[in-house]
Structure formats: structure tokens, C-alpha cells
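Quick one: the structure is below, and I'll ask about it shortly.
A, B, C and D label the chains in the order they appear, each numbered from 1.
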Amino acid sequence: DEKGKDGDTKKADLKVGMVTDAGTIDDKSFNQGTWEGIKLAEDELGIQTKYLKPAGTTEAEYLKEIGNLYDAGYKFIVTPGFKFETAVFKAQDKYEDAKFVILDGNPHSGDFNPVVKENTVAVFYAEHQSGFLAGVATAIELKEGEAGFIGGMEIPAVQKFNWGFQQGVAYANENLGTKINLKQENVLYQGTFDDKAAGGQIAAQMFDRGVNVIFTAAGGVGVGAIDEAKKRVQDGEEVWIVGVDVDQYEDGKLPDGKSVILTSAMKKLAHSTFEIIQQELDGEFPGGKTLTLDVKNDGVGLPEKNPNLSEDTISKVNEVYEKLKAGEIEVKAEQGSLFK
Amino acid sequence: MRTTIVSLIAVLLGLIAGGLLMLFIGSNPIEGYSYLFQGALKNPERVGNMLATATPLVFTGLSVAFAFRTGLFNIGAPGQMLIGGLCATAIGLSFDMSRPMLLVVMVLAGFIGGALWAFIPGLLKAKFNVHEVVSTIMMNWIGYWTVYYVVPGYFKGEFLETESKQLPEAASLRVPFLSDMFQGSYINLGLFIAVVAVIVIGFIINKTTLGFELKAVGFNRDAAEYSGMRVNRNIILSMLISGGLAGLAGVAMYTGNASTMQIGIMPSQGFDGIAVALLGANAPIGVFFAAVFFGILYSGTGFMNAMTEIPPEIANTIIAIIIYFAATSVLIHRLIGKFSKKRSNSNDIAAKKGEI
Amino acid sequence: MEYVIEMLNIRKEFPGIVANDDITLTLKKGEIHALLGENGAGKSTLMGVLFGMYQPEKGKIKVNGEEVRITNPNVANRLGIGMVHQHFKLVDNFTVTENIVLGSEPRKFGIALDIDRAAKRIEELSNHYGLNVDPHAKIEDISVGMQQRVEIMKMLYREADVLILDEPTAVLTPSEIEELMKIMRNLLKEGKSIIIITHKLKEIKAVADRCTVIRRGKSIGTVNVSETSEASLAEMMVGRHVSFNVNKKESIPGKVVLNIENVSVKNNRKVLGLKNFSLDVKTGEIVGIAGVEGNGQSELVEAITGLRKLENGQIFINGEDITHLPIRKRIEKGIAHIPEDRQKRGLVLDYTLQSNMVLEVYNKQPFSKFGLLNYNKIKDYAKKIIESFDVRSGEGTSSIARTLSGGNQQKAIIGRELELNPDLLIAVQPTRGLDVGSIEYIHKRLIEHRDKGKAVLLVSLELDEVLQLSDRIAIVNNGELIGVVNASETNENEVGLMMAGVSKERSV
Amino acid sequence: MWTIIEQIFPYAIVFTIPLLITALGGLFSERSGVVNIGLDGLMIIGSFAGALTIHYLQDIWSNHSLVLWVGLLVAALAGLLFSLLHAFASINLSADQIISGTAINMIAGALTIFLARNITGSGNIRITSGFVSDNVPFLSKIPIIGDLFFSKTYWTTWVILLILIISAFVLYKTKFGLRLRACGEYPQAAEAAGVNVRRVRYIGVMLSGAFSGLGGALIIVTYAGEFTGTVSGLGFLALASLIFGQWKPFGILGATLFFGFATTVANVSQVIPELAVIPPIILKIFPYVVTLLALVVFSKSSQAPKAAGEPFDSGKR
């Protein structure tokens, strides 16, 4: 009933709010991706938008900002990150006339039993698939050499990127004749999402030790790694970075217009956020559902344009992509026998 | 009285400066402030949340103020908070006792943890005259990394590397009667402990021989030594108490306002304690009100931000400016001071003249 | 008549006080002019005005007949006026040369300091005036007398013609004073003129040509020193006849209260500041310690009171070994201590007067019980002290100690310590910086304490005070006991010689 | 092991340089008698001003390295101006210098983000490219030393080292240095010698502002590439280095090198199998523990300027 009213009478008056996770709205990653989707909806659908940044990353702080948005009339609230799980669990009961979108998580009471109410939709991304594709693309493009992985904090999304990437490289080595080596010591979590100095230093060490390409899923730490790679390329070395979450091609750009970003393992945050908003406006809010965005629905994948990948690579990756879609290849979302 | 006025002037100037900033970005300050106060006070839930936000600040403010009163500058509250919170969390996760018992032990553990973290700077100050500003900064980072590795190492959450396990309900400072009274706010027993701490610390400072000694040592180490007070012991003791209070801030923060410990975060409440203490003129009751004021600013900005285009960073900016005014209001103090001193002085001279 | 300096009708006010009121002082070329007055009379202020540190509210200053405005010390320097301050203005960890050139540094290549050139020049000047300073020594390593010469050298280096010396002799031994006077006469020969501030009438008689006396900021007059006597100078200074003697009865010493045996103590520089020192103090006597500042007095006092660790030796109070007792225990055994520096040790300046009055006993009944303070009892106690010692302050017992004048702070401390009714009272510089009235009063109380059958150990840098108050005098030099003499059987010359380290056979 | 050191060294240096210049700034302030715990805030101001300048200039001028130098200059200027707040509070108003410094830190942290968001629309300001490291011609070919000191160096490193040498010269061999040190030791003596103590202290604080601002911007143009509203507590580390280095220019060089090296080792330990055996917590807390120990060792012979932290009161006798 509520939905009906909103949907029919004043669509464009929909007020969409977002509460940011740890990190800022400009993190070139999770928060920013989500926000860009909302902004896109603002531009194209004429909704009103607002993001709030909580003072801390506790459930209480999150709930407080959700309350602020709600009281200010923002009754469609997007929360990026698994850290919102318990907060959204409470909010969906407390604010029954509001709608919640939680990305990368499932509302639960602390016991990890998902409870997605009718006014909530939970969205998961198959980061492992995205990482897998990046791993495959990397391997095919470089053919041989050494790869590394730098993660930020050891959180599920980052871990899944990592595991997927490892599987992708292994898949290419086994099936596509590449020889990309991935050593245990070159797979690590730096421990923060903001220590650029450490990101640069670690990347430097890896490069010095023969690594040619590093997959970074580490926010600011990744930025440090990208900067290091840029310097090396300007010095004539050939090294690459694989970006994460969003297409980081621009971040890796050198003065000569080239980029050190080989490709990026994307979660189409902006896209999916936009879509859900659109669905809400169309009166088709997928309330109560847990959506998994993966290759099947183009929720994850590589950028559309990959200037650093050859035609050949792209077509091979596309084949793999199709197989993945068809379920012919399975990528695990668990560590299993993989590193870290 | 005079210090109260100075603090109020500082607050006023800070709010004016904040208003100017709002104007500068094209917003209406009156509107902004009205939403800010509404955001903190509009309904019982918001009041509860505001008080909960203020609770750790009361503790860290007390911690810094207590140290200040005894001549020490403890900027180690963040580290002490972390360790205090870690100790309380460890107890809460490891033991199965009756709830009251468990909570008491957790609070004690938090106090001891914070005290322990302050003990080292205290010892270094007493024995080697190492300036506590530097040593507490070092201890902050040591605390930060200790939590960083101990939490995932020993108290890892079920699915997460970056957080401790969730505390069981019995080990949480949140109690139904408070949550209900404040309509589901996360206000918790920490507030009561904070009020008790304000009273106890005020009592210690003003009414006991211990306070008498600690303050004497703070004001004049040489005179304290001369009169037979044990200076080194007092320095260490005062750091212990100060650290313990910061430890309690950690307890309130991690077992009341939150129910897990997250790694990789240096709690800003520790640094805010300096501002709170300064604004509260280092008096326990002043600290309490200053903490509440900061609580209002911090918890009201979200709503202001939601209702207007004013970014939330304005709260921090206002607080920072208030602190600068409070710091430089020495000028006002001085002027008033000089005035009254000169008067008593000339009386004195007049009296002397009469003598001969 | 040719005057180098004419200060005419100078008025200088500080908030609440007129420090200089219509004072005129003229300095002839080639004379030594003394400036005399009680504490706080305004002498330093007047010289501060001349040296450009203060701006007078009224009055004129002429240098060599021309009216000038001396807006800061640099202007004074340029006019050829130099000043040695009452408290030396030397940077401890700088060398002599660095201190001297500070503010008017010679340079080479446009930017670099030319220390060598300066050092050479200092060496020359030093030889010329017989000052004997080592340009490369660090200030912290040289004696106070030598530091004073560095201060004088600063002026000579800047080619000052008018030298102002503010109480230069207060910190010197009699022989160093002799030396200084010689130097001053040398300076006169070189065409310099000197203004000297001193409280010591003898010195004025010895070197000065004329003397200007001021009292409570007002000019009393200028006299030719050769035409006046010490007694009349004193009378001019305080406005009434001054008796230079303290009235006291013969002492009746009893049993030993304080017994110091072979005590050695390290000083702040980690070398022995007190060496194998032994001394007894008995009931009913005042024992004075005479010596030049820095010869072990502080170390001795700190050893007895427990503020400093002993290297060897023992200390007894009433026969009981207190060598290893903490400070508070010693106080309880009957030692009271009027400290040398009232603001550093004697008072918690930010505490109220009443809190300061119980600094040693706050944890005893009735001032506290079970660790809780009883402010009423504390207030009563403080009131009693304040009344009986006439401590004046704005708000009585609740005045903050900082707001009291120096003299009243001192009286409060003395009252507090005497109120403990100690068996041994250690009084260090009890009258430093006080005016004559207060000094008389405090002397009286110390003698009363003695007459109650208690022991008093008096440490003072004022030789007169030691001679007048003490029954016996122990003289220290370089951390060693040179000898002990009966006050009634000695004189200033003898003690002065011993202070300079000349040992004596006769010992009591 | 040697190759590890060789590989780490250039990165340790890059990390050291901002610390070094900031601590050097702190040295001028404290030697003049003003304690400055606002170094961290001043660095933030510098990193903000530098990043903002470069961000805009690079749009116009794109890849001109002059842009970076201009950014550094603006950063130093901004730090200098901002430090006036501290100078005014502590020199003119005799405020508690530690509190004033704390206020500086708070204002810098809050205001820069506020401004960044309002000016650029984002709390982060990214620059397109920073300085590129390079081997010094010829010198980098020298065995051992060449690899350590002359490989992968930045121009800025040499500039800062030059500033260090000039600073040491100024401090010990010039009139200004003599006066500065006198003001930090015994300002009344300096005043009596005709030195304008307040002016000297102003200069000391302003130098600390300029140097810290430079330090903050150096972070951006060498390894961070982006302003994010914090310098991760490096200002405090610089302060510790100042004390660790006993208020001496080359002592500071040693202390900051130590921090640079220890932090870098801790950062990269995971990648290096030889180091990965050491529990990371040990490596992470190592620099801080060593600093504490160093403070204890130096406590006996502390060279702290005696008057540092005390408001100057010319009437004080």
C-alpha cells in the first residue's frame, strides 16, 4: 500500500539515502561505487539523494545515521557492506515504511541467520567470479611471469576476490597454456585500507622480487601500489596492476595517456544500485529477496573497455565468461587449499 | 565561575565561527544549528543516543582532566581505551558468571587494562623524567597494534578477521530498562558508571588527602617533595587513575555502545578527551557538561547533514575552533587575574604604608 | 659640570604601584655613583628605565647633554650604556664568547658567525682590564665571580662608557669583592663611568664618589660619600635610626639535637659538593653556616632534610639515626625547614594559603580522618598562623599563595614551620629579599625559638645576618668545613678570610 | 639479507624525508622556546594545500614537474601561515603551548576535509602524477653506496638534505642560530642582549610551519599521490624523532632514518620470507618500543632547550 502510493503519485520525489561504510565517499571503491549509482539515478530519474557518514563503524552509529536519514524523509536507504548486517536487521523492523538495500550482506541478529524482511533487499556480489575473470585475463595477457595479490583488511569481499583470482590464474595455467606463477609469499593482506606508504612499499618489494602484476583489493593501499607501478613504468619497467571494485583504469594513467591498470575485477555497484532504485520507481522493489549478482546477471565482471588487453585476450576471456555463465566452470567462494 | 564564563565564551565563539563557515558555503546557520540540536535532542531516542555518545567522552575527559590537575598531560587515552576495552571484552567473551558479577569484573578489568597502559609512561616519567606526551603517543601505537593482532589471534569473530566475536548479551552494558526508557536507544550502563566516576573523581580531587597530594605534586613537584610527599609514587598513581578512567571509556565504548571490538581503528574519543577536559576547565562536573555538549554536536550533525547541505565535518571544525579559543582565552583569564591581583596588591601596599 | 647621564624627574608606574616617583640622578664622567635603597625602593626599575627596559611615564634622560629616548636595550647599547643585571643573563650551555657576542655578532663572509675574531678581541680586553676570563669556557663550568666578569666583559665588548652594576657583590666572596673593586677602578682609569647598586654601606664607602638614596620610589637625596657616614646613609635609606645590632641573650646550649658525621654528598653536577662534613647543633643555640653561595650549603641542608642522598656518613636527630629515613619521617622526628627558595620549594603557589599551611600535616588528625580532609580544622589552623605571623593577603586563608608579596609568602612559611614546634629548625636565607621591618621581626622569632630550648641551624649568604644571629658559626668553603668559631669571639674579617678558604687552627 | 636492505633502502628514505623535514621544523620551533605538538596538523595543512594546488595546476599544465615544485612551495607557505595561529597563541597570549598545538591539530584535521569537500567536491584530492625516482648519474654506479644512496632517489630528497645541512649551519654558525638557541635556553638573557625574543620565536614557529607543510606535501608528491585528510600520525612521529634525535639536526636525521627503516621493514615483512617468520606485531611495535627505550637512555643527558614550553615573560626575574 505504501509502495503503491509512492510509486504512483510522486516517483521523482523518492528520496534515496546512503550511509557510508568505513572509509569515505571518495574511496574509489565500495562507497564511491554505490554512491555513483545513486547519483546516476538522481541525474536520470530525478530522485533526491543524500549520503551520511557515520562517526564510527558500530551498529549503533549505523543505526543512528539510518534514523537521521529516515527522519529527514529519506526512506529508501542503501547501505554498502556486511558491517551493516545487524543494523539493517534492526532497522527493517523499526522503520517498516522504509526500504533498505544492503550490499554485500544479509540482515541478521548477530547469529548469521539471514532474515530479509519485505522492505529489504540483500545484494551479494560474486567477487570470486570477478577475481576469477581478472585472473584469467591477466594470465592470458601476460602469458608468463609472476603475479601477486595485495588485500586490504581480511574481510569476506576481499578474500573472495583473492580466492577467485588464484583460481583464475590456475585455470588459465591448466587450460589455456599460460605460465603465471603465484607464490604464497606474494599473497597477502596489508591490514588496512588506507596505508598508501605500505601499499607502495609492498608493491615495490614484490616487483623487485620478480612479480610482474599485482591484483590489489585494498582501497588506499592499492592506490599506493598503483603509484609505485606508475613510477616503475615511467622508469621503463614493465609492471601491471589489476584494479578492483570499479574500473580503475583512470587511476593508473600515466602522463603519456597509457595506464598501468591491466584490467579491473569489477563489482557493478553503480549499475546494480541504479537498477534497484529504478525497480523501486517502477513499483517492482524486490523486497524480501537476497539477490546474488554474478556473471549470470552481469553483476560482476571486467570493464567493457580494456585498452591494455589484446583482442585475443578479450575474446578468450569472453569465452571463459560464457562458460562461467553456463555453469561449466565453477569458482569456489571458500579458501579451500588456496593461499590465505 | 570565571572559568565557566571563559568556557562559555569559547563555546560561543566556536559556534559563531561554525556559523560563519555555514554562511561561507551558502547555508543558513540558524537553520543548521536548529537541525543540529534537534538531531541530538528531538526525541527520547535521540537524547539517549546523545548521552551514549557522550559517555566515553566523559571518561576520556575525566582521564585527561585528572592527569592535568596532577600536572601530567595524558594524550595516551586512545591506547588506554583500546587496552581497557580489550581486557573487558576478553573477560566478557571468556567467562561465564552471573551477569552482575561478570559486568563488575569486566569494568574492573577495563580499568586495570587502561591503568596498566598508563603505568609505563608514569613509571618512565617518575624514574627517568621521560616526557609523558611522547611516551603516551608511543603507547597509543603499541596499543593499536596489540589490539590489531590480539583480537584476530584470540577473539576472532565467527566470519570476520577484523572484529572480535560479538559479546553475549549478559556481557553487554546495555540493559532493557534503559533501552526501553529511551525508545530503543543504545544508551547503557556506561552512563551510570560515568556519573559515578565524575562524583568519585571530584571527591578524590577535592576532599581527600590523596587528591591534596596529587595536586600538590602537579602544581609544584619540588614543594611536594620538600614537604615529604612521595613524588614518584604520586606521579605513577595519578597516571594509573587517569589511564584507568580512559580504560573505562573503552569499556563503555566497546561493551556498551558497541558489542564487538574492531581492529585498525584508533578511537577518536581518546583525543577528544583533551578537548573535553579543556572546555570543562579540568573540573569533573565541567567535564561532564563539556562531554554532553560534544555529544550534542557529534550526534546532532548527522541530522543536520541530512536536512541541509552542511557537511558533517563542521562538527569537528567547530570543536577545534572552540578548543583554540579555550586555549587562547588565557588572555581573558589573565586580564581578569591581573585586575584582581593588582587590587589586592595595592591594598597590601597601602597597609604597609600605614604601618610606618 | 659635565654629566654623562642625567635622569631628570623620572616617574615609572607599575599597575598598582609607583616604582619611581620624580627621581633625579646624575652621573659625572669618571665617577662611581652608588644607588642605595631598601628592597623594592625602585632601584632596579630606575636602572631599567635608563637601560631601555622600561619606558618612564614622565621625565627626561640626557646622555652627554643631549636628550634621548631609550626605547630598548639596543638603543642603550648604542648610546654606550651597559648593564649587569641583578640576576645574570647568561646562557648556561653557551661559551663565554657566545654569550658576549649574543646580540652584536661579528660576521665573516656576510653570514657566518666569526667566533674566532670575537674570542681574540675578548682575550685582548680581558688582558687589558685584568679580567682573566677564558673565552672558550662554558658558563656552566665557571664560578659565579667569573660569570660576573663575563657580564662586565659584555659591556666592554660593546664599548659601553657608562656601566650599570645591579647588586654585583651579593654573590661574591670578600676577596672577590676586593677584586671587583680593583676592576672598577681600572675601568674608571679608562674613562668609564659607573653606577653601582648595593645594599652594603661599607662598599659604598669604599668605592663610590657620590651616592643617591631613594626610598619607596622617591628620591631622598644625593650626597658626596666622603662627607657622610654609614649610619647617616642608613638613616636616609629607611627614614629612621637603624640599629645594626640584634638584641639577644647569651645562649645556654644543652644536649645535642643534630649530629652530622662525616657526611659527603654529591651536587647537581655529580661531584662531591659536601665533603666529609661533621657538625653538632645543640638545644638553645643558633649555629650559623657562613660561606659563599654554592660552597655546599644547599647540599648540607638537603642532606639533613632528606632531599638529597648521602654518599657516606650519618645524620642523627636526638641520637636517633635518620640517615635513611624518608623526608616525611624526618619532619615527624622534629626537623623543620625554611627553604632557600620560597617559591620553588616552600609553597605550592597555586594552592590557597590554608592548604599551604598544612603541607606537611594534612594527613594527620585533626586535619584529616580516613583520608578525608577536614577543611574547617585546616582553616582554623591556618588562621592561627596567619594571625600570629601577621601574614597579609587579600582574602585571608583562602588567598591563593601566588597573590601574596614575597615578604608575606616568607612570613607564612616561617609561621608554618615554627608552628610545627620543631626540635631543629633549619632556616635558609630566611630574610632574603625582605625589608628591614620584616627582617627584624623574623630575627626576633628565630631567637625566641632558640630561647624555647630548641636548636636552630641558620644558613645565610648575608655575613652580617650570620654574625648577628648565630651563637656559633661554621664556615664552609668548597664543600668542606673550614672551622667553627664562636660568634662573640670573631669578626667579619676573620670569617671572610675563612669563607675564602683560609683555614684556621682555633676551632670550637 | 643485503639485497633486502638494498631493496628496502630507497623506500625507507622516501618515507624518512617528510619526517625529517617536519622534525627539523620542530627543531627550529623548540630551539626558539616554543613546543610545537601541532606538527601533525601543520603537515595536514601542507598536504592539503600542496595537493589542491597540484590538482588544479595539473589540469592546466598537465605534466610539468614545475607544478609539483609550485605545490611544495604553496604547501610550505600554507604551513607557515597556519603556524601563525600557534605562534600568536603561545607567543603573544602565553597560552599553554601543548594545548594550542592540540588545537592546531584538531583544526587542521577538520578544516582541510571541510574545505576539500567544499572546493573539490571530494574529501580526497588526487594528483595525476608525483615525482619519479631516478638513479643519480655516475654516483649510482659506485658499489654498495651507489645502490643504497644514489639509486631510485628523488630530487626532493636531495633538496631536503640540503635544507638539513643549511639548517645545521644556520643553527650553529650564524647570528640567527645563536640568537635562536639563546631564546630557547634563556630568553631573558637574549632579551637583555638586545634580541627581540618574540620575533625570533615567531620565526622559529613559522619555520616549523613551513617545514611541516613541506613535509606534508612531500608525502603527496612522493608516495601517497592523494590527500585524504590525515598524515597517519607522522607529525607525532616527527615529534618523537625530534626528542629521540636530541634536538640536533643530525641526531634527527638518525632518528628519522631509524623510523623510516623500521616502518618500512615492518610494512614489507610479509613479502619477505626471511622476515615473515618474525611475528608481525613485533615488527609493528618495534619502532615505538625502541623510542621509549631511547627516551630512557637519553633522559639523563637530555639536551632539551631549557625554556621550551615556557611562555616568555620579559619581566621575569
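Points to keep in mind about this one:
In this section, a contact is a pair of C-beta atoms (placed from the backbone, for glycine too) under 8 Å apart; a residue touches a chain by one contact, two chains touch by 3 or more.
Here's who's who by UniProt: B, D = ABC transporter permease; C = ABC transporter ATP-binding protein.
Keep in mind that what you see is a predicted model, and the values were worked out from it rather than measured.
Considering the contact criterion stated above, the chains in touch with subunit A and with subunit D (ABC transporter permease) alike are B.
The chain pair sharing the most C-beta contacts is B-D. Ranking all chains by how far their C-alpha centres lie from the centre of subunit A, first place goes to C.
Remark: subunit C and subunit D (ABC transporter permease) have CA centroids separated by 45 Å (rounded to whole angstrom). With centres taken as mean Cα positions, subunit C sits 77 Å from subunit A.
With centres set at the average Cα position, the gap from subunit A to subunit B (ABC transporter permease) is 38 Å.
Residue positions of subunit A touching 2 or more other chains: none.
Interface note: chains touch in the pairs A-B, A-D, B-C, B-D, C-D. Every residue of subunit A that touches subunit D (ABC transporter permease) in the complex is listed here, in rising order: 24-28, 185-186, 188, 190, 194-198, 200-202, 204-206, 208-209, 220, 223-224, 226-228, 230-231, 234-235, 251, 253-255. Listing the residues of subunit C that touch subunit D (ABC transporter permease) in their complex gives 53, 72-74, 77, 83, 85-94, 98-99, 101-105, 107, 111-113, 154. Residues 17, 50, 52-60, 63-65, 67-69, 71-72, 74, 94, 110, 112, 153-156, 189, 191-192 of subunit A are the ones touching subunit B (ABC transporter permease) in the complex. On subunit D (ABC transporter permease), the positions that touch subunit B (ABC transporter permease) within their shared complex are 37, 85, 88-89, 93-96, 98-100, 102-104, 106-107, 109-111, 113-114, 117-118, 233, 236, 239-240, 243, 279-281, 284-285, 288-289, 291-292, 295-296, 299-300, 302. Residues 39, 42, 45-46, 49, 52-53, 148, 152, 158-162, 166, 184, 186, 257-260, 262-265, 268, 298-299, 302-303, 305-307, 312 of subunit B (ABC transporter permease) are the ones touching subunit A in the complex.
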